[in-house]
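Let me begin by presenting the structure, written as structure tokens, before commenting on it.
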């Protein structure tokens, strides 16, 4: 056994691995946020609430209908995604021609409403949700005990990120980016932009819900779970470069790692560190690490 | 103009259009036959751009009748109109900053076979081939104009709406574009061209419509342009 | 000019009648938030800069003022002055960093800097962590006027508010204000005319931060309390809400907005958990239907946010 | 007999990544002349302007103005020395009135306008000279209109009036005639000739007839490099210029 | 005939909404009914509001209640910072404040007030119960996972003192940012320390997440015990026994302690969708009862008169039994050390605790002379 920075290497590896796992949540959440920002030019403040809805719906499916984790993994993103579609069609679409600020405020209001309603119905202490039996237990890696569920989280998140990134490289990605800049013109090229926007919002919301399903077994399922996370996820998106898919994925994982290291070396700073990095990045690279536009 | 009607690809009648409160087009009408190049000439602010925007459906506040290939499109949304086979090259170019030159070029979906291939396009605009991987808006003003024209040539649209395609271009490029339009016409494209530069337009067009304060006030066949040159100058205030 | 004079007179009349109709402490809270919102509006509505971290200046001033009053036993006027200066200084440092960026990036960098202040306030000793600084004495103004009397305090707060309000009016309608408008409209053109745009932006940033600090410090004297709420990002969000509800880029908008929002918070408190739901609804309704804000509804050409893509 | 050079560049170069948009350009612009910069699209003309006015920093090379090296100054300071530019896309302050647009420029001359404590009535003094400038460009009837509502051609005229308000020694005009109707082109050309009486002008323009009529000297850029220099007659015969810019069969 | 207006000021939308919230209003109403106040000529009016866990919101509501709405006494007020602020306002306005929900031991210590009573628990009592009693049961080496703010620091400090006093040893601690969501990293550090007990000096969602993740990483299976320093039955309900089993904690009240508590809790549950009361609800009930008794006895609602009576009269109610209000405002009663049952031991909903030890009133709270309260001479 050797030491790095005065820390036994084993502990270090353990912490880095954990950081990576956390990073997969950041990546997944910021991915949805980045997609939505990319196309709608809206900072989706309701993202945290939609993540929370994902976790709650998972719990509801189990307690009201006896539907377990695996089905939830499929059903919940679709259901919450549809909810997103409806929101977009009914409310958000009315703001497309305005400054981003209005979208941010609208979704902020929506977040308050959604969280409030859940709070009134379910309280704030949270609801129990167990780890699916097939994923119970864990692996002894020598330097740490790695629960199987965490392993699953990281694998699933990586594949979802990869898939999204590949989609972005396609024609669809170009449509999305172009429609962000000048929807009128893109529509005049024969693309049904309103539908594109609605579906994209639904997709982004679905990703948030997926993260919610994944979180239910390990984090407290309560109405505030998203609100606590959303600012950090914003920071990830900004550092990565607003709207950049690759940026938010890479930054999500990287910040998970950095946060993990800070938790070990100077835990008090572990939530501040993200904002310090954000400030530095914005000063040096105004459009974020992967952003192209200023 | 009754004999024209049977072959007309685009027929605009009694077109009124508004920007918010301001009424810009007042019963404007003209026709374009299949395979023709027709220009809209007129002073600044006459309503030429507005006419094109109303046809493609970007400007939604419009009334009257616009028939394209037998379809009434006055109520249709712009994506539906584009899919019927109209390509639009806007005045402000509309190059996407977040897309590379290649992506900009490939953006408009191909709606029909018969468009130009990438190679043909690069042969037409060599500048673009060189800068194909750079960001769309990092091109110079003129290069952006080339890109804006180039990208609708790919789609196979039958009717091209070009809004001042030569603005800000070097003479050598203007000549190229002239040749291109000529070639496009030969291949059977129908083109509506908005131009300030009527010398350029005269080399290409079959007919010229004069737009003044939101109305078509005159139509001059290109064949008789020379005889009417004074009248034209009067219209354009040259 | 007469229109402005009329607005001023109405405002003064309302301030005079106010405490006879409504609970003075409630009014003082409204005034503090109104001043805060006016300061924010100066930056957003006239400078075109959306700061997402204005709570930092409001909160920093309140901590400094509370500390000076409670621990050093300074008189209230000096505490408020010190708090305001601290906010101005912070504004100078953060502003110098932030104004180099634009649009959404400006908003995000101010948010990041403000979050650091939040964590600082949470962990620094003198701020009292999540307990905040409590039991701040109101003291005697200039050693003579006892501010423990709510009405006396009300009049002082009303004067501070009027002073701040007038100053913002002055700034907006000054030669400096003209240049500011020009920069907001078209920055590169202003530079090409020889204006060092960043210095103007910095100055308005500092002025806005200082006035936000003035509001924060005054609030401490009223409520005898400085707490984490003052530096939390929700406070930055709330001031945006106030300005939005009242009407962005209008002189009276933030004042009206502050009245509505503070009243809502106060009078809805018995509804418990429904408060957030109702607040959310107000947000949504405002954004969808009343974007020009309440004051904007009555004006013909309210300033709007430029669409910046 | 030869006029003094007012602005000169030495080996001015800027590279974006590996791409040299302006590559070793050495220009000499003589006092009191109208100097045109022409060249095919993407030749680097606008970039050159951006370098001269410090909206971009050169990778290498130097800029000398009235014998002084100004390579390291900032954009606002360049303007203060008397070099003022216009933009390829018209630049006005859309929410200020036409009069205020001009006044903003006049206001700069009275020094820094950081006085936030004074009433804007202090600016009334500039209304008269501003109106005079507006009359010069034929905009006096629009003084109270927000500049954003002006038609395109008039915006360019306003831009010129604003620029003249600074009473610059040197004007840099980027395609001042682009997008103008014939009427406006005449008016603008006349205006340029008028203001050139006691100033130096560097201008980018594709409208060759105007370039031919106005300019004393022409530099042709192509691919970031200086291709040719001279008066219109000699330039238009230069085979390289014909090949790169004018195209064959030009006439 | 006396008109009394009491205000229930608590968290109705945040982390403490379940353990205080509407339940506290129900408890207060039950107290008024059980006391048969109207029969005794005391008309009681109850108002309530949400302080959102923000001291500024709390203190301005309190001020407005006293100034404008004629509220005579304020009850409950969870969240230490709000409680301290309300205590200050109450003193300034010379009214009565009886806290049930907050933990701040300072309320009856350095910041004590002649107008404030602290009923249910405080951080010192929890630290004493869990820290002291655990060591006696063999858990003599500790590692803390502490929320990085004053409240967390205080919990850790108090518990450390008591652990060391009882002969235990603290091996280390780690401070986590507040609020946090992932604690696995800190749990690994705790695991690596080899301490027998991992003390959770945090609250609310943070504690719940820590416990959930401790189960996931097999911390308790590894033989270490988790000790919650501020955790309530509502939290256990949220976690489920599968995850929470084996956790050790201290509470002032449990519905299933004896016949009296069971009977009252059953009535409470009927009124609140079957939810069992928390110790905070019980505290509100008992404190309102005591307050009304004092009013009846003095036939006055003058703050100093009633306060004096409340301190003079021993407390006695079905939920906390007999006790007293000390001069510093601290109410003393028995405290209990519980362990959370295994799922198979539980007979159904809300059957969560095994009693490990009872800490008698005399030892349960900080000795009068150690608090630094100026009222104590």
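Brief remarks on what is shown
Letters A, B, C, D and E mark the chains as written, and numbering starts fresh at 1 in each.
Quick note on the criterion: a contact is a pair of C-beta atoms (placed from the backbone, for glycine too) under 8 Å apart; a residue touches a chain by one contact, two chains touch by 3 or more.
Since we're looking at a predicted model, the values are computed, not measured.
Between chain D and chain E, the least number of touch steps comes to 2. Within the contact network of the assembly, the step distance from chain C to chain E comes to 1. Set against the C-alpha centre of chain D, every other chain centre is closer than that of E.
For chain B, the chain with the farthest CA centroid is E.
The centroid of the Cα atoms in chain A and the matching centroid in chain E are 36 Å apart. Computed from the mean C-alpha positions, the centre of chain B lies at a distance of 76 Å from the centre of chain E. In this assembly, the C-alpha centroid of chain A lies 49 Å from the C-alpha centroid of chain D. Averaging C-alpha coordinates per chain places the centre of chain B 52 Å away from that of chain C.
For chain C, the set of residues that touch two or more other chains comprises 119, 123, 273, 275-276. Not a single residue in chain B touches at least two other chains. With touch defined as above, residues shared between interfaces to two or more other chains in chain E number as follows: 13, 17, 21, 148, 177. Contacting chain pairs in the structure are A-B, A-C, A-E, B-D, C-D, C-E.
For chain C in complex with chain A, the residues that touch the partner chain are 50, 97, 100-102, 104-105, 108-109, 111-113, 115-116, 119, 123, 233, 237, 240-241, 244, 273-277, 279-284, 286-288, 291, 305-309. Interface residues of chain A, counted against chain E in their complex, comprise 11, 14-15, 18-19, 21-22, 116, 119, 123-128, 130-131, 138, 144-145, 147, 149-150, 217-220, 222, 224-225, 228-229, 260, 263-264, 267-272. Of all the residues in chain A, the ones that touch chain C in their complex are 41, 43, 91, 94-95, 97-102, 105-106, 108-117, 119-120, 180-181, 231, 234-235, 238, 242, 268, 271-272, 275-276, 278-279, 282-283, 286-287, 294.
Residue ranges of chain C in contact with chain E, taken from their complex: 23, 25-26, 29, 119, 122-123, 128-132, 134-135, 150, 223-225, 227, 229-230, 265-266, 269-273, 275-276.
By the touch criterion stated above, chain D contacts chain C in their complex at residues 53, 55, 74-77, 79-80, 84-85, 87, 91-96, 100, 103-105, 107-108, 112-120, 122-123, 162, 166.
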